[in-house]
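Chain naming follows the written order as A, B, C, D, E, F, G and H, and within any one chain the residues start at number 1.
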Amino acid sequence: MNPKKPREVPVHDKDGLPMARLDVERTKRCGSPEAVFALRKTPAETTAIVKALVRAQGHALVTRADPETTRALRRAWKNIKVAPHAGTALVGKMPAKCSGCGWVAIAAAGTSDLPVVEEAELTLDSLGIESRVFADIGVAGIHRLFARLDDLSGASVIITVAGMEGALPSVLAGLVSAPVIAIPTSVGYGASFGGLSALLGMLNSCSPGITVVNIDNGFGAAVAAARMLALRE
Amino acid sequence: MNPKKPREVPVHDKDGLPMARLDVERTKRCGSPEAVFALRKTPAETTAIVKALVRAQGHALVTRADPETTRALRRAWKNIKVAPHAGTALVGKMPAKCSGCGWVAIAAAGTSDLPVVEEAELTLDSLGIESRVFADIGVAGIHRLFARLDDLSGASVIITVAGMEGALPSVLAGLVSAPVIAIPTSVGYGASFGGLSALLGMLNSCSPGITVVNIDNGFGAAVAAARMLALRE
Amino acid sequence: MNPKKPREVPVHDKDGLPMARLDVERTKRCGSPEAVFALRKTPAETTAIVKALVRAQGHALVTRADPETTRALRRAWKNIKVAPHAGTALVGKMPAKCSGCGWVAIAAAGTSDLPVVEEAELTLDSLGIESRVFADIGVAGIHRLFARLDDLSGASVIITVAGMEGALPSVLAGLVSAPVIAIPTSVGYGASFGGLSALLGMLNSCSPGITVVNIDNGFGAAVAAARMLALRE
Amino acid sequence: MNPKKPREVPVHDKDGLPMARLDVERTKRCGSPEAVFALRKTPAETTAIVKALVRAQGHALVTRADPETTRALRRAWKNIKVAPHAGTALVGKMPAKCSGCGWVAIAAAGTSDLPVVEEAELTLDSLGIESRVFADIGVAGIHRLFARLDDLSGASVIITVAGMEGALPSVLAGLVSAPVIAIPTSVGYGASFGGLSALLGMLNSCSPGITVVNIDNGFGAAVAAARMLALRE
Amino acid sequence: MNPKKPREVPVHDKDGLPMARLDVERTKRCGSPEAVFALRKTPAETTAIVKALVRAQGHALVTRADPETTRALRRAWKNIKVAPHAGTALVGKMPAKCSGCGWVAIAAAGTSDLPVVEEAELTLDSLGIESRVFADIGVAGIHRLFARLDDLSGASVIITVAGMEGALPSVLAGLVSAPVIAIPTSVGYGASFGGLSALLGMLNSCSPGITVVNIDNGFGAAVAAARMLALRE
Amino acid sequence: MNPKKPREVPVHDKDGLPMARLDVERTKRCGSPEAVFALRKTPAETTAIVKALVRAQGHALVTRADPETTRALRRAWKNIKVAPHAGTALVGKMPAKCSGCGWVAIAAAGTSDLPVVEEAELTLDSLGIESRVFADIGVAGIHRLFARLDDLSGASVIITVAGMEGALPSVLAGLVSAPVIAIPTSVGYGASFGGLSALLGMLNSCSPGITVVNIDNGFGAAVAAARMLALRE
Amino acid sequence: MNPKKPREVPVHDKDGLPMARLDVERTKRCGSPEAVFALRKTPAETTAIVKALVRAQGHALVTRADPETTRALRRAWKNIKVAPHAGTALVGKMPAKCSGCGWVAIAAAGTSDLPVVEEAELTLDSLGIESRVFADIGVAGIHRLFARLDDLSGASVIITVAGMEGALPSVLAGLVSAPVIAIPTSVGYGASFGGLSALLGMLNSCSPGITVVNIDNGFGAAVAAARMLALRE
Amino acid sequence: MNPKKPREVPVHDKDGLPMARLDVERTKRCGSPEAVFALRKTPAETTAIVKALVRAQGHALVTRADPETTRALRRAWKNIKVAPHAGTALVGKMPAKCSGCGWVAIAAAGTSDLPVVEEAELTLDSLGIESRVFADIGVAGIHRLFARLDDLSGASVIITVAGMEGALPSVLAGLVSAPVIAIPTSVGYGASFGGLSALLGMLNSCSPGITVVNIDNGFGAAVAAARMLALRE
């Protein structure tokens, strides 16, 4: 069976037991970075994995870090960029921005959605892709969307971020021709059921051509956008 | 305990056993008609109840009738108006249209939503209220909504009807000042889960002031609109 | 495409990045106020937005504020009215009560539902609409409802607030002719599933003419009531 | 380990393979009859089991029989009582009515609930217990319930049957002192989700002392009522 | 409309606004006590309501009190009995135990279910009904159940308390003839979904005659048992 | 990357387009047969795939065949064994029964569960494994289970099959030491939600050591049992 | 408000009432075709809309047509291509294949997923985009996927189609660098809950960069792929 | 009724009331240990039960202990092994490892799954069964799995541990012939719904022969593996 076995980097815990196996050639193989998903990892575990990853590839992206982990990372590295509400951190040497690759618009329905916006933004940074944020253009005051439509139309890919009923991508995808990636957020209460309402709304959009990622998944949407932008090359 | 005991009309089955108790003063008491909900009733049961109701108040509205029941009603009454896809029927003398009461707009996102539109329309007919239908103005091509906005703005109450992600009321309620009643429909497939996606979308709308009724409930939305119109008097 | 572009007010964060775009003509356009939904916003974000809103329109309504945000608002403004359990605040100059507009009854099933009652009450205050609260009249002791029925019948619109099985609007809508808006609350435990039981109960009411808003959504119910009251003018 | 091994009656299929083991002493042991649950059984299987049961105990109750099975039973036995909408049949010698045991009220919210009423009624018949049906007394016109309250108060146990929001037991249990068993029915559409709305409503009732059985489970409610009535002896 | 208006006792908050209306004749009317459901009430609200209730009827039962509320109650009354894990308190003069009324068995599957057992036990105490607890007799080691079967058979009513798969009532109801009330508990993790697994198991029991109350609802089960025991009189 | 590429057999539709790729060395590689899952395949598609599979390995197992497909298979092969209610068919040369491999007990709670029993039984036949069925030993009459316990204890692996609350494996696993595989069935109605109640019950069993397969998945349980039996060799 | 009002084509029913408003410039505006969603439309409605669409733009794509509608379309047009299992039809002049645009791989886990594959395939045909199908390469025999990996790597965009646990895109996205669109299908039974299991699996994929569409939504995935391919131009 | 009554050990609380009944012959009877499920027990309750269990059988396994309980256990016993993230503790004399019994592989998809791995590992320790952990071999970089396949193939039973989409057992079961037990974990966010996505994925696996336990249930999987290993003897 092909393909060839990619290089991997083992990480061990303080007792010398194997804890993680880093897939450091993932970017080369499939355009997606090996990032560190910090949820349910201890600060020590995350720091150890980040250290190995920075050594192997020069920088490391961390998502879903709790405040304690974020503090541990800040203590360990100077060269770090943190989006605190999102729990996202980019450690090490920042990749150069790709010129001529186009840019990604991140369009957010409301101010409460900004942490998810930041996770997407920092992920794109880690991939050397330019992005621009369009904040608070939800459909309740649709003139706010129309006022930015010309700017939005210049993007190669549009990531939309919305909680509650998640209607922004439905309206937007009927007005532009770029690929539209929809991120449902857990912003809401009651019958939003932790983002389920926005997720179902986006999956059932009457505007064809929208694709959807998991609730609050700014990281995944950014990686998908990067794969799409690579088609321009 | 008040209030006074309203008049009621018992209906019996063919064995003489009590089957229903008609609340024939409901319209007087609370502005809502006593209608016949035909789901899970046999054609014979429905016909017997309709007969008693027409005798008591001159006409009767039937909802959720299956084709066999509709045929039974057509055989029994000449003076009948039927919306076959909706399974709605209005039997007996049509009420006069109220002049000076204002009118209700019924705005539907797609052609597949029309059966629910018809249930609302015929219910308003049964209450003597004028209505106008705005078909196929869903948000995937939002210019279709803007083209009708001036007309819609003349309505006293707007009923919106949408399946899939149910985004139409969110956009519309941000553009008009009339009360907006949202009916989610079961139009959709897969993760629409029988209308759940549209229902959740409407309940979580970021446009304040929308109220929601049950999935496919054209009857309930029309009765609610009638209660609101009565405030104009 | 019409309509004309409404005025909007941008708000920036401490780094000068755009954070919100206030829709300050929403009340004029659609009778609903631009309020500040504080959930998942930092106290600093909420305060900055409130400041811009008070400057633009004289007062601002805040919903879903956590205690820290409430304290920040109290520090920043003297002219403030706070419903602490609800996390609702009305900042700035109170609007005058509209005389001759009728009034809204807020009927609550139990004492535990009072925070949601307060959110509705303060929202109506912010719109200059009079309201009266009828507390603890749930259906388990239905004489409590009957004892207040005459008073309730004077209301132009009735907002009902109930958790658990949410049966209050079903009973009430069969006894009055005013529009009945139902707010399910998250009061309950076990199979109430955070208010789902009350929500489903209200959506499936056998009393026609009830409309429903999201779980615990006192704000939305109040705005909907305001739209309905405007029909009286 | 006690208790003593009760007698059981094996039933074989046409190939002589064991198919069922009848627990013919269940009534003696725990007051509940061994009944035949016909769902997903073929008419031949059901008929064979009924034959063995009639032989062992003189009569047999069948629930959830489809029309084909009902016809097969009618062909096989003359001495049969069938509730066709419910798919319930009572085959063989009818038990004598117990005098002095009290009686059970079966209170139904709407006409569409009658099939479930019939399943409960025929089950009580099979146990020799008297019952009286109170049809169409749902809470949308609550005067219909009050008009029958004196009669209802004479019952030893009350079974309430309601679909949609299932509010009838909540109101009733606040007015009487007898045990109230609540049967949610699958009557409804849209967000009733096959009876889930009524089930959740009844489980979350604010009236204490209500107990609930499965959706449409007239049989189980009747057996539970029989166990309660036995306390009078 | 009957029945006569029962006496009610209003309670006001510290601003003099009405907060609750006590239904102090509920026990007389329907055998169920007016208890104080403390969930989402402040300690001050609960204490005020308890005070009014003790004044009116000599004692008061409180359920779902958080530790802060429990402490407040202990400070305010000496004559108090508290089940701390359950958050249940019985304040004031304990009712005399009814002799000759029979007794209620409370059979619990596991040690973790004991808080729910205590809520049921204290509620029965407040109604003057004797109860006996059978702890840790779940079906994983079924000999533990058989060892207590003779004792259990002496009970007039059996309340079963079980989390996880909730199989205890299914097995028990096949062995005894008393009414069996099943309380699903939220004990479990993962796919127990907060008690949903036990709730569905109990509703779908293949042993007929079981009735079910809400998850963790020891109070409701006890009140239902009391209604049943009253049939013995 | 290892392992070596296994042989595969392509199947084409009538237009010569590739339709399936048979994994004919799966039994050798992982002890599980390549079976034909007929759900949503046309009779022609299923027949073509079966033909290729019989040619490659002498026999073929088909699951989830509708009656039309079953008829097509009977027409095409004489050497066939069909379980019609289950929609399972075993085509071609029957494998010899393995002697000395031990046997599998299939214990079913009720008669309505027998189709699922048959799917498991025929799958075990196709693997040359002996099985014995223990029908109708559900927990509502637990003496039926105890009466067969000695026989059951001789099995190497026990497959339990139960719908409704699915309590049989919980009780059984506390009495025997063999591995217990639990199949929840969709037998039930109302709140069984198509087998969800039994599935959750089995997953949350308080008896440790039970493993669970999908609802109605007799095939998967049998293959798992075969993998376990191979440990005896 | 911009943008300019696009041309629209109204369609009327046989009574002359408006039924649909075709958005015939959608392809120009946003790269997505105006297709006809036939679910819940009558054959007459669908045929009328197709007629108007063919007149306006030369061809029309129909999705979710039932067999009766498919027959009506075949009778009305000779120039038609139908995928009968999918209910998809392409009516009128076929668009020319775009050369130099790259091609889309459609990778399906199992034979039962082919109807969804066909809907995607025909939609790409209607947009002039080349596609190649890779059938039956699900993860249960992962060598089947590796055998086709070189071919798959040539695609510009990969659409994966899988029911049951939906694991194919997770594995594939870790091996290729093209954008991966995942379509969950409703293939499965029991706890697949109509495709929910595959949908959740795909949304929660540990392989970053996957985007997801609605269950069985071959049309939407194809339109999304077309938007992505346009980035190559 | 057989079987003979096993010995049981009662435990009392500090007031002398019965609290638990230990089933100390469970291992002998059914190969599963009597363990202490500490969730919702107080540290005092857990410690008392552990004390009785250690006295009866020399050691005791505790699962789901919170940090406070873990500390209490550490204070009470020196001879203790604790997996702190899992909340698992093994108190008393460690059982000897069984030689010649084979060993169990525990294969985990990601680093965040390690607490569940530890619960399984310590449970196997308590049963004297050898195990080896294979960490971080999830399907996103499938070469990591292939690199360990030869080692994995030596195991008698394989326990797979995976959150998110839970695809690891599907791939693995197609490559090995040992029994595969799948543990879904609650690792994930958004639409993982606390492990539901992994649970459904594993139940719907297209690889036959996988069996599943509850979310995060390392204990149950280990006990099931022990039952299977006993077949080798």
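As a working rule, a contact is a pair of C-beta atoms (placed from the backbone, for glycine too) under 8 Å apart; a residue touches a chain by one contact, two chains touch by 3 or more.
Since the model is a prediction, treat every value here as computed from it, not as a measurement.
K.L.:
Go through the assembly and pull out the chains touching chain A as well as chain F.
P.N.:
Touching chain A and chain F alike, sorted by label: G, H.
K.L.:
Which chain lies the greatest distance away from chain G when centres are computed from Cα atoms alone?
P.N.:
If we average the C-alpha coordinates per chain, E ends up farthest from chain G.
K.L.:
Chain F-chain H contact: same residues or different, taking over half shared as same?
P.N.:
Mostly the same residues form this interface, as more than half of the numbers used are common to both chains.
K.L.:
Work out the mean Cα position per chain and let me know which chain is farthest from chain A.
P.N.:
D
K.L.:
More C-beta contacts across D-E or across A-H?
P.N.:
D-E
K.L.:
Averaged over CA atoms, how far is the centre of chain D from the centre of chain H? Could you give it in whole Å?
P.N.:
Taking the mean C-alpha position of each chain, the two centres sit 43 Å apart.
K.L.:
Measure off the straight-line distance from the CA centroid of chain E to the CA centroid of chain G, and report it in whole Å.
P.N.:
The computed centroid separation for chain E versus chain G comes out at 56 Å.
K.L.:
Starting from the mean Cα coordinates of chain B and chain C, work out the distance between those two points in Å.
P.N.:
Chain centres of chain B and chain C, defined by C-alpha means, are spaced 26 Å apart.
K.L.:
Spell out, as numbers or ranges, the residues of chain B touching 2 or more other chains.
P.N.:
1-3, 5, 26, 110, 140-141, 143, 146, 173-175, 190-192, 196, 199, 203-204, 207-208, 214-215
K.L.:
Once bound in the complex, which stretches of chain F touch chain G?
P.N.:
Touch list, chain F to chain G: 1, 3, 5-6, 8, 17-21, 23, 26, 37, 39-42, 45, 49, 64, 184, 186, 194-196, 199, 214-217.
K.L.:
For chain F, which residues count as touching chain D in their complex?
P.N.:
My answer: residues 85, 110-112, 114-115, 133, 135-137, 140-141, 143-144, 146-147, 187, 189-192.
K.L.:
Report the residues of chain E in contact with chain F in the complex, numbered from low to high.
P.N.:
Against chain F, chain E makes touches at 109-110, 138-142, 164-167, 170-171, 173-175, 188, 190-193, 196-198, 200-208.
K.L.:
Under the definition above, what is the set of chain F residues touching chain H in their complex?
P.N.:
1-3, 26, 29-33, 35, 102, 143, 146-147, 149-150, 156-157, 173-181, 199, 203-204, 207-215, 219-221, 223-224, 226-232
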